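Below is a structure I'd like to ask you about.
For reference, chains read A, B, C, D and E in written order, and residue numbers begin at 1 within each chain.
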């Protein structure tokens, strides 16, 4: 059982408290992705799992064993560092072979594994180069290669793809997915800022914020049912539009009046006590569509049009206080800046959060 | 080992003494003997040529070694418990110290007696080899071998001849000659006190010579043992006597400032310059090795005895000298045999016949001296009525090789004799 | 891309840089140049004229004797002695001559000098002279005359010959190497291990040991000699082995260089990027392997620079070698052998200068050999971020 | 000759090999004593932690043994000797210390040493740094470095001859063979006896040590300079900094640790230096320094182990502030790790 | 005119040729984004513009001036390094202030600019920290802050957002866009792997591949009219699906027979000479929709379903040789692995490339 269990894990650098008690139970063979804003403690947590960072408080178990005091080399882990951490005096080949040489693998085996990893990561032409003669992306790939060459119980990836181009990123992501499939018993813990990576790779996503876990769950669960405003805004890009609102009617469904003045009925049940309280109303940009019939959610003036080819982003001014509302409409549109437009959304896709930012349990 | 002079062939040598020694010391073959001494370079080669006779005679496996820092080396070696068998040192003061710490093996009174009988001014020499041991008892520890004469003034005969100068017979004449040279537009003296880490020592020779020329030998002895204070008027007078030469801007080449900074090894070269930088140079018998190449002793350069005051006839004809003393630092039959060997004339003659060696040993054949100058110097030693060992070498190291030097530098640098002398006395007091 | 070429394009006129480096080099070089030139000079010249004059032709004043009176010919009323002031095979240009030592260049060459009493002397520039007298010459020896002779700059390799052909120099060279090489490698190895432990391993007392190391740099070598030699002697006596051996001097040199080595290496090793070491740790490498495979190769610049110094010190050392190896012929190190050439009173500048240059050679070779390890950018590309 | 060389090579290899063998063997032994079974993580990690406890001492062991035997033990011996008389025979209490306190020469040495400490480390570090930086920027930098380095390679005896030919004084109107006086003369000055010029002669001696030790500072700092990440310099270039600013604001702060190390090292070296003073003046003309004074008392005329021990202890005590500062530094570093 | 003009710029590291002649004309105030696979030479090109890398061949003009030999400090540029290149010995504040201090700005001005940059980049709490106590993303933000504090003629960004989380990334991207707007005369050159960044920020995108320019153009132009296969596949994520085909009919419109057998008519004109030649047929994943009526483009078995929330990616096996065809369908679908599905696409959105990979000029 190469699961990883964290019990009230805490970390402080001197006076600076970075992690405030993380409880997490990662099953064997699970693929868990950590996401969270920059500086929230993802790398720190990963480094604590790897044993590189001492544990200030709490207990960590790997494979059912308390590992608080087990040195990194014994934890059966492989790690891709956010900052590459390549061996500058070794060629790419030797960088990848190092771990295996330490483990006294046979020459053929080393060669086979290194070459196959290099193949996957398109590094074959660079095997004889030193890290300093590689581009940023190439370095990062070497770091990944070094990890996948080994055969650990737990894989730790710290933003392994951040310096890769989209194509390579997709390809590598798929390779990682395949890798995972080939090693169903290997636990993988992955830190990323890329939504797509998180959504596609993860069995479960852990959303961290300021050293605390905000929500843990399957990717779609987080997307569809964020437990709080933070997760709602964090998952999905562009972020969910949030409009201040007041609860006007409670019951099986709830009616809120948006800041702009319009009342919206949301299929979420609320207790009567909530009536009159402040709330936040949320809708994802991609759930908005241009209202063609009379019924619409809101109306506004387009301030920016971003055509991405596949989709177009419309920034609508005038509703939320400082931020524009964003709508993501498929295809290339003929909309110009300054146009006034109306948007609508499927009621099922509407979100409602209470004054503390907690979600109202949806019906 | 190759012997420099094939035994039995040259009548200048006492070959019999060699054969006798050989006959009586044949049982020590193969025994090891380490000899540690101050001689390096050419001197080392010369000493080795003597040692070879010892080796050839006894079959002892004798090894000589030296060191630039022999003073330091012997202190370390004796204290650490790995001394050589034989230590040869030019400083009785250092030997006395070693004896006091119990690192020397007494030679015994027989040797002392032998010295008394065979060496010129033998009593003096015994004195320089006799020290207090660890137990506080005096004993004879060090066998004198190889001497230097210090009371010499070097000059270039041709220059004297050309200028019509005569070798002075008295100190008064020496001053007159100096004045004469100044009058002729020349500079009489080259004095150089520089010697790297030992800067100042040549001045001590001057002062000692002047001591012997102004005070009785007994006063000299008291001075050396601090029986009279260093700032005693007698001593201060001797220093000032030296000052009459060294602190007279007209007398010294390069001016007074040059005296302290000129290296003693470079100093005599002034005699040979054209026009000469100076006409006179006071220095010990070893100095010819620093004469420019190709200067033939006796012809291109010569010496005369540093004269005495005609006004003080009772002081006689004192000779200041120095020498190396041989002591046993680790006893063994081979070590004893080596001392025994030094009693043979041949041990002296072999070196005499080459260069730079003087001996007060009366039984050696004077013919053996390599040249006339050496022979003349040798005669000074064997005929000396009063022989006194270099005082600074007899004083405690911190004085004789420290405060005294520094004091002389200060003196030449401008301080007056009285102050300098009491400074030295203060340092001496600090040792007690 | 290296910093050199980066900096090259950031202004600060390069000329200034070149000029100032040149200036510094000259200032640093001149003293050395002095003895270098001196080592090729004639011993007599060394103390009579500054070394910088060695390149120009110098005027030397010498004394010679003319042929003795028996060589005189009668020429009319005059008696004439003629010949050359130079020995056969010698040469030079006479500038001036004189007959009194007080005025050795009274007359210029070629001039007929009236010496009074009917004597005239002419010495020509080529050295030929005519000495005439109205009366017969008297005495046995020839007259002494003084010449100012211009001699072209001369250099001699004699000093080097003397040193290089002196007895036992080859042996002492080998001895020196036998002392210096292990005395360089052993302490570096030991110190590197210690420095690694002091920078990347956790254990109690670490700061204390670092402090001790710093404190021990200052221990004067001389203090240790006597107690140590005594210890060597006791050990030697106990085991019946010679107390003076190569192993002994290696250890002594290693120990004396150790505090500085640890101090310098620790400073460097502690500065290696943390992530790289961690990465190796995660890769399963033990501290031993990390040290051997990561830290050691990455510390090459520091190792090389310390190696240079330690080699220098051991190579130029005399004291420790004399005490722990002995002064016998077959143990003598090069410095000792060269020193022995100086003679008991020292002061043979020509030997000193020549041997200074002979003994500098090996350390310079070591410097050049190791200099290329003082490379830049060894860590480039290993980690991202400042 | 050939056989000598062969045996020397053999001895050298054997010696170095024996040393390397220790580390290899001790690690092997450690692995045998604390085995790490592949299957049992508990014992494995316990044993690994045990290894981690033992291993620093294995790494440090030889160094510590050498340090203790060759340096700590003599220091302790020195401490004891300082309470005994000149031959180490009888106990004299604090007499030697009292002597030092009242000795004029001792005070003189302290004063001179302070002068040396104020000038030499600063000058060496400064020149070393400047040269290291400048030579990095020119194509003949390596040559220039070798020239500056050369004095380090010269033995002290050689160095003293070199400087004799710089400071040599010839009296009157003789031709000067000392470079300095020759220069002074060409510019119309009066030649001086540099070595005996009171107070200033200290500085003339210091020049020699600076001349020698700058090479040391240069090499160490040069290595440190090369460890500076290129990107930071590039970034500064982009930020518009000129060479001077890059040097002071980017390079120097980043190698500050090394500068401190060089400074410390040279400071300590200065405390120990005596060869220069010994060969140039032997402490005369008021140039005595502590190390030379110690040497004097230790060996001259048989030596006085008690007093020399006191002086040695004073020298050692002088590094205490440096030690404290270094401990602080080490703490700060590990805090960052 | 702070334009940047590159004429036949070449770069070689010793024997390794990295750039093979880049011709590019960047107008003043233009926002140009370099994209391309990892290791294609983007960073190198940027560094050459900054003057940090020497120019092996060709000419570079900035502001109408030949700058081949002008030192970086004289080029009026600010740069964000891919590897951050923070000054390790300076606090965040000092890192950002350094350039201005060098330029002798007043204390108040420096403080104002640093604080406003810190505010934008959410770095205010870290201003007093040293870089080593920052997370990867925080370091990257400091690097950006350092550049935007200054006031250069040309901005160079090398993957400035790669280590940021999605939300911050969007925010920073918008800040950069704003920055651009505030400084209409400042030229910006930006390297990224992020399609969205490229599309939203760029006036023009430069696609590089292996040291050559593949295409230069406005974002949508590249998306809609890629000039060759490389650009077609590179722009857009997931990449355009490419299916080998043979031209069967030429003329006003072209008919190709796909590898699977089906014939497709594409509204692209081809010369008669092309008949029978090999071609590549392309269609973007997002242009595919599930065929509901009888007419379909192709049919296949779904091998992977990736639900991203907003969209679902379907991987269809069996058409292209080794790669699956990807379809990107909006919303969350009930499709399972193994389902057989049919897809169709708007003919206008179909692409056709000749044997060399060049696009046939679309009608």
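Definition applied: contacts are C-beta pairs under 8 Å (C-beta built on N, C-alpha and C of every residue); 3 or more make two chains touch, one makes a residue touch a chain.
Only a predicted model underlies this, so the values are computations on that prediction, with no experimental measurement involved.
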item	value
Those chains which touch subunit B and also touch subunit A	C, D
Third chains touching both subunit E and subunit C	A, D
Central subunit by CA centre of mass proxy	D
Centroid distance [mean C-alpha coordinates] between subunit D and subunit B, Å	40
Chain centre separation in whole Å, for subunit E relative to subunit B (CA means)	94
Gap in Å, rounded to a whole number, between the CA centres of subunit D and subunit C	20
For subunit D, residues that touch 2 or more chains besides their own	52, 229, 231-232, 234, 237, 241-242, 298-299
Sequence positions of subunit E contacting 2 or more other chains	51-52, 71-73, 82-88, 132, 136
Residue list for subunit B, restricted to those that touch at least two other chains	69, 72, 75-76, 196, 263
Contacting residues of subunit D [partner subunit A, same complex]	36, 41-42, 44-45, 48-49, 52, 335
Subunit D-facing residues of subunit A, complex	14, 63, 65, 67, 69-71, 73-74
Residue numbers on subunit E that touch subunit A, as the complex places them	13, 16, 35-39, 43-44, 82-83, 126, 133-138, 140-141, 158-159, 162-170, 193-196, 199-200, 219-220, 223-224, 233-239, 284, 286, 306-311, 313, 328, 330, 332
Partner subunit D, residues of subunit E touching it in the complex	50-52, 71-73, 77-79, 81, 83-90, 98-99, 102-103, 132, 146, 150
Interfacial residue positions of subunit D with respect to subunit C in the complex	1, 4-5, 8, 11-12, 15-16, 19-20, 23, 27, 51-53, 55-57, 59-60, 62-64, 66-67, 69-75, 77-78, 127, 130-131, 134-138, 141-142, 144-158, 161-163, 165-166, 175-179, 182, 211, 214, 216, 219-220, 222-234, 237, 241-244, 246, 257-258, 261, 264-265, 268, 271-272, 291, 294-295, 298-299, 309, 312, 315-316, 318-320, 322-324, 326-327, 330-331, 333-334, 337
